[in-house]
Amino acid sequence: MARPVTLFSGQWADLPFEKFCEKAKSFGYEGVELACCGDHLDLEKAAGDPQYIEDRKTILKNHDLKIIAIGTQLIGRCIGEADPRLNPSAPSNIAGKPEEIRKWAVHQMKLAAAAAKNLGVKIVTGTMGSPIWTDWYSSANEQTIAGAFKQIIDIWSPIFDEFDKHGIKFALEVQPAEIAFDYYTAERLLKEFKNRKTLGFNFNPAHLIWQGILPHLFIRDFSSKIVHVCMKDAGVTLDGRAGLLGSYFAAGDVKRGWNFRSPGHGDIDFESIIRELNAVNYKGALSVEWEDFGMNRELGAKEACIFVKGINFSPLNTASDSGKAE
Amino acid sequence: MARPVTLFSGQWADLPFEKFCEKAKSFGYEGVELACCGDHLDLEKAAGDPQYIEDRKTILKNHDLKIIAIGTQLIGRCIGEADPRLNPSAPSNIAGKPEEIRKWAVHQMKLAAAAAKNLGVKIVTGTMGSPIWTDWYSSANEQTIAGAFKQIIDIWSPIFDEFDKHGIKFALEVQPAEIAFDYYTAERLLKEFKNRKTLGFNFNPAHLIWQGILPHLFIRDFSSKIVHVCMKDAGVTLDGRAGLLGSYFAAGDVKRGWNFRSPGHGDIDFESIIRELNAVNYKGALSVEWEDFGMNRELGAKEACIFVKGINFSPLNTASDSGKAE
Amino acid sequence: MARPVTLFSGQWADLPFEKFCEKAKSFGYEGVELACCGDHLDLEKAAGDPQYIEDRKTILKNHDLKIIAIGTQLIGRCIGEADPRLNPSAPSNIAGKPEEIRKWAVHQMKLAAAAAKNLGVKIVTGTMGSPIWTDWYSSANEQTIAGAFKQIIDIWSPIFDEFDKHGIKFALEVQPAEIAFDYYTAERLLKEFKNRKTLGFNFNPAHLIWQGILPHLFIRDFSSKIVHVCMKDAGVTLDGRAGLLGSYFAAGDVKRGWNFRSPGHGDIDFESIIRELNAVNYKGALSVEWEDFGMNRELGAKEACIFVKGINFSPLNTASDSGKAE
Amino acid sequence: MARPVTLFSGQWADLPFEKFCEKAKSFGYEGVELACCGDHLDLEKAAGDPQYIEDRKTILKNHDLKIIAIGTQLIGRCIGEADPRLNPSAPSNIAGKPEEIRKWAVHQMKLAAAAAKNLGVKIVTGTMGSPIWTDWYSSANEQTIAGAFKQIIDIWSPIFDEFDKHGIKFALEVQPAEIAFDYYTAERLLKEFKNRKTLGFNFNPAHLIWQGILPHLFIRDFSSKIVHVCMKDAGVTLDGRAGLLGSYFAAGDVKRGWNFRSPGHGDIDFESIIRELNAVNYKGALSVEWEDFGMNRELGAKEACIFVKGINFSPLNTASDSGKAE
Amino acid sequence: MARPVTLFSGQWADLPFEKFCEKAKSFGYEGVELACCGDHLDLEKAAGDPQYIEDRKTILKNHDLKIIAIGTQLIGRCIGEADPRLNPSAPSNIAGKPEEIRKWAVHQMKLAAAAAKNLGVKIVTGTMGSPIWTDWYSSANEQTIAGAFKQIIDIWSPIFDEFDKHGIKFALEVQPAEIAFDYYTAERLLKEFKNRKTLGFNFNPAHLIWQGILPHLFIRDFSSKIVHVCMKDAGVTLDGRAGLLGSYFAAGDVKRGWNFRSPGHGDIDFESIIRELNAVNYKGALSVEWEDFGMNRELGAKEACIFVKGINFSPLNTASDSGKAE
Amino acid sequence: MARPVTLFSGQWADLPFEKFCEKAKSFGYEGVELACCGDHLDLEKAAGDPQYIEDRKTILKNHDLKIIAIGTQLIGRCIGEADPRLNPSAPSNIAGKPEEIRKWAVHQMKLAAAAAKNLGVKIVTGTMGSPIWTDWYSSANEQTIAGAFKQIIDIWSPIFDEFDKHGIKFALEVQPAEIAFDYYTAERLLKEFKNRKTLGFNFNPAHLIWQGILPHLFIRDFSSKIVHVCMKDAGVTLDGRAGLLGSYFAAGDVKRGWNFRSPGHGDIDFESIIRELNAVNYKGALSVEWEDFGMNRELGAKEACIFVKGINFSPLNTASDSGKAE
């Protein structure tokens, strides 16, 4: 199908950009979603230095890879909340200064819009953070919740203005630790933003399934907001003792109640997801965010590419369909 | 059976103690678990004022009610962590001063041991708090986790010394926001405390079921540590859109992925729980913590008493069994 | 709770009205939903003869029974379609004359509005028929479907005008053979009628469950339209050979894939239904339409009354709740 | 309904017969199925001593109890196989002599027919044994299997002749260790016996459910052969480690994959069973064989009686139905 | 295995016959089931014109394709019922004249037998229609049902005589709108036809699964009647709101409760089906009737061929098995 | 991954050893587990005749196959019990002499240790037999059970001494008819042997799944004892009538409640098994014991090799992982 199968670079930041491109190509991918990690993408340069852009494009071209989005997962979450846990996401010189980190992150996100435009992509994927994430269990009162949503809108609206200026959409990955972490909080976020066009979703089913949500219904109900798709699987492995909150076990531990998995190795119903994507006429990338702490990375990324291409069927009424067009 | 069916007073703190006793009796309960809320129990007085103890006992006797435990749920959690959310649990004059709150709570817990002894009960139920609860999703590293457990041990050990002095056991309610919130964290807590006898569990299946854990296996594996049983139900109501993390909806909202329920109205397998309790020879109380935001409280508490008595069957080999004893 | 538990008279039309009332009372019901069958209710008289109304009321009063709705199930379906199968519903002198039957039925439905007003009830329950029911499998084209909905609107709108005149609501029972037979056809019917206030639903979960629909979601999504509730159960008994379309077996045959059942004997989740009804603040009747071809009728109707009263709990915040009001 | 609810005496053989009757009555039972254990029933005397019969009848009459069948479970199984395990079933003087035991058992079974007639019952429930039970896993060849069935027919046919003489039916309890231990072996046994009328089944769902068989289908398919019904429940409690073959754990151990349970405490779908019994017009007894190693016997037997009476509803078309008979 | 994997031409009638053959071959199929649609097969000519037969055979031979059956799905259904919906199946000059259509269809079916013989195939697949299909929900009385079966026998028997004359079997596709639409109606049809050898089944699991029937049991129980196998999948996609009766949504709509699917993309257990086919020694074709309104047709048909070949394993004891034959 | 995929020779004993090797190689296997059947392996010669060893090695080398274990399944079971069923496992001259057979088997097992050493393998897979297998249903008393375990220890300890002398481990296949046939009996056997290092398990999930046990938990809990892995699948095919005890049907019969299956064709969750094997760092062989009575053997063995290689992924942290090593 026309939808390209791409690889997100975030889990490969230990490799130099060119090495990553070489591998992505060898695994079979048609393009990449570029993370702002390692040496993969410097937003400052990408927003302002034409030569840097030229170099990135050359490397991609040399490996016959498209770029389909910029990923800012580690930056955006520093905006919605101020927490020492976020230090590792920010430059070391501002570690321990939450408000400095927040300012830095706001600035980076504005650069991301320009960088995206320069690189010729329409989508920046990422996170927004949340001032009330830690209240999810304690049933915060409505006033607190409304205040938190307002805070998000206030701080993100100027960033979105910058996105609009460059014609870029922000694709939020709905997940725990975010203001929108499930179906209904995603619905509320859209409403609070009065359905602002700048804001879409980076659909990632792996964050929904272990919460008990059927991912394909998310696509159906928020169809116009699905601007990017992250192909990630998760295995839910309850056995009577394992718990969904993870028991503080390390990622990949077989005793956890769920774990991220290489696509096709978990419980996600990709068949239904593809059918919904076809139904809403999604033509963007299927971007593999490969993360599976129980599997060899290179083997997995290669296998994942084959799996995603295999499931990436087009709907009945495409141009390539049947002999009718002859 | 010999196991008394009792009512926890925490959800009735809006009523004066005597009124609560009157109702508990009229609902059919044989005793109460007394919460340190409203005017139900003042730990300062209960630890040091013989007349206060006499008055409480008289009121209970007047209503033909046993007291089987003291409940300190709102106090203990201020010890393990220091967070503005805990202000409501502490006296208003120290609101906003986390370390003051912590000190106050440590003091209160020490009083609880003496109060329990004075009231003639062997069990104080409650919470411990957690320095790393908010890290459950972010996969904190092992060093951080180990540090948090150590912190809990350091601060709670002197309290447990006081418990030992009075021959009282502390029954921790394993639940989110606690250092031990599921099966494996409970297992680790026991290990970190080197199986200290002072520490047992207040078994509450409602916190386990929506995490995907089979509650009766918790009893089986931690059999010697089940010193109190909280009869509370929960309904897991996934429908494709509802999420287990609750979407910030208010308790009781039908769109949440789960809700606490009056016993018998949810998904807890009490049949298996009773059989495990029989197997481990548990002879303590079955204490109803009635909380169901979708049901009339008085109707519910009455019905719950009938339900729990009905399911409270004794094992085969009890004295009252068969004609063999004749 | 304030919601009365009532008995629908349709399945008892072999008994004279007074006998039926005597039995309903003896079974424990608080009121009745009166069917236009047997001698139970003559719409012509009820619409125009004050003495007839007086007599009905006296009989009801003598048995201490409320009347909470009129049921017109066998009449309405003659309006939406013209089919020889409907002969038995109409007076014998017009049998075989579909258009005559249709006219008769339209007239009867208009009388029903006046009759309801005279009897002091606000609800007429019933059916509407469908010009395209038999097309459900053959995937009729959109034009045909739209035409059928239009036909229903054209013929029913004047009837609804009459209902409006008397301040009566029509409560449609969504079920096979109706224009609205499942969730989405119900949604479309409301839309086609531009949400006309006259039209509501007589919620009957037994028609939905074997179609694979979760009945309580119907209440949630059409909350403002739930004006009457029919308590009927169904058992889905698939065993590898039984089929959901019934194999032409007689009702009650154990080899069918599903059968209607006395409430509590089937697979309906009434717990969730009551919680949704509480959530949408439904205060109308819970009307038992007793139909179970595998069970003694009198035993069943008595047991059903106990069952429904038992599950009919009120929500947390009612006037009768807690000691707060004291 | 007309079907009497009775108690099987086998699990109460520690009590003298009269004491057992007293208890059965006090629990609410309408009759008994008498086991040849303890002092409950001596077949020798019952077959030949009119005074003995008179005494038994008097005791039953004094407690207002019917007798509905004789149970020979421990005798019959000594016929089909010769194994040291069967010693406890036989008189001590022939222990260790399998062929002596077999002869004794054949003789006892013949007496049972006469005893039944003398006591005025039509049914003898029991077992037949099996020469090839231990081969169930090793996939014996067809010749061996056919030989075993022939052996059963050869040895049981003369016993059945005796049954025919007295007009008594033998009701085999299909269960492990028997020649017919599941659905298909039961079907084969009937076929091998050429559908001999003497042979029927004592339907016991508890032996079928943990083998993965739906008990109600057994009734449907062998409808004419259901001559007695044993109300016994079983809980299947798989948890990932428990096994269906029982791990040599003692009966009642919570770690087993299944256990017998008091009716209503297990996984048997009695609703479907009663509907099938109604469909095949079964009018015999519902005989409770109370066995639950996790529950107090007296409490359980009493509760079981209430449970079985509650579920024992009659079909639609009985004489007592509706007002039609008036 | 020896069973050929073939493609049914009905869904490709928009293509000229030769074009279809070209594609079928390129997709990997070994043969075709020829539908009487488009220019694929003219029964009149095939029954009487040797040159036409020769031409068809040449085209097939040119593409190295077998022909394994003739498909008459759109014709037969005009025989069992007379309904305006059937107009599109018949020649336009008799549209609107149900009895004319019926006569035409009877004639065509007789020609089909001769055509089959001429083409060298043994099987004509198809439908029979039903005089009582629309009564499936309304529980028609036994007299009506018996009458309908008789009507089918009366009108089809002469057609079957013609089939016998040519040594052809008619393979009925059990599905909604047919007299035999599920397991038990199929069983009854066989019985009403006194097991006439002419009548067999074109087994199609996709019509059974969403009715709740396990398709492989159909093969087991009607083993001697499985004369043709249609490989078609269906996805059952209930989500609480979707209904099994389809809500008048167009085929393929993701909101329907089920949809036809390309083999391997739905919920059919083909593993069990192949094992049953092996057990009953079915050696006919596995004929793919490719219909999936959510997938590209050419891609799907190609993929389906690979899937079916992959699952088409032969049983243990075939000639090609093991080294024993050496 | 480093784990070799091998073929067990037991199901191919009809072929000469060299022929078997030729086929194993042609199917894609990297090595073999050699059974003492047919001419595959003569323990007497392998233990004492260097030339025989040389010949075996040459044949293996000629086909580029490793040998990874010796399989003694038919020998060991003659040790734990003395039963006429075991005759076929022993030399014909001692048939019918259980104690002779036992002695022969003990001798053979001792030879196996030497043979293994000579062949250069570290593992002998096999069975131990059981003196109380036939008591699994009858709930033998604890004394009998303890006696049986003691008997096993007494007779096997000298054999294990011989194993220790040669540095060989015995890998028991936990399965019915063995002293350890499920999770808890396996646990007990280890305990009774005081965790003797000589004794490990030949993990075979196909014996566990139909008993209701989750095979991957067996690996997790007995991690240090998993010394060999047998890749065998089983399909559990309950349909309401099929029973888990097999009804005396021949292996492969579709009416049985379960059957062995070619890997990937059954219900075993190999994904979870591989993840557990990775977690416990299992580096031994994945040995296919191909047995599927519903599938062509050669086709199946070839397909199984592909399947097992496909699922045999290595964990995240292996040497071959990522670009980090570069």
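Each chain carries a letter (A, B, C, D, E and F) given by its place in the written order, and its residues are counted from 1.
We adopt the following convention: a contact is a pair of C-beta atoms (placed from the backbone, for glycine too) under 8 Å apart; a residue touches a chain by one contact, two chains touch by 3 or more.
A quick note: this is a predicted structure, and the numbers were derived from the prediction, not measured.
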item: Each chain counted as touching chain A and chain D at once; value: B, F
item: Pair of chains joined by more contacts [C-beta pairs], A-E or C-F; value: A-E
item: Copy pair chain B, chain C: interface residue numbering same or different (half cut); value: different
item: Approximate Å spacing (C-alpha centroids) for the pair chain D, chain E; value: 49
item: Chain E and chain F, separation of their C-alpha mean positions in angstrom; value: 46
item: Touching two or more other chains - residues of chain F; value: 214, 217, 239-240, 255
item: Overall pattern in which the protein chains touch one another (line/ring/star/complete/other); value: other
item: Touching chain combinations (by label order); value: A-B, A-D, A-E, A-F, B-C, B-D, B-E, C-D, C-E, C-F, D-F, E-F
item: Chain D contact footprint on chain A (complex, rising order); value: 239-240
item: Chain D to chain F touching residues, read off their complex; value: 85, 132-140, 142, 145, 176-177, 181-185, 188, 208, 211-214, 217, 221, 236, 238, 240-251, 255, 257
item: In the complex, chain D residues that touch chain B; value: 12, 14-15, 19, 23, 235, 237, 239, 252-255, 265, 292-300, 303
item: Chain C partner contacts - residues on chain D that touch it in the complex; value: 1, 214, 216-217, 220, 271-272, 275-276, 278-279, 313-316, 318, 320-324, 326
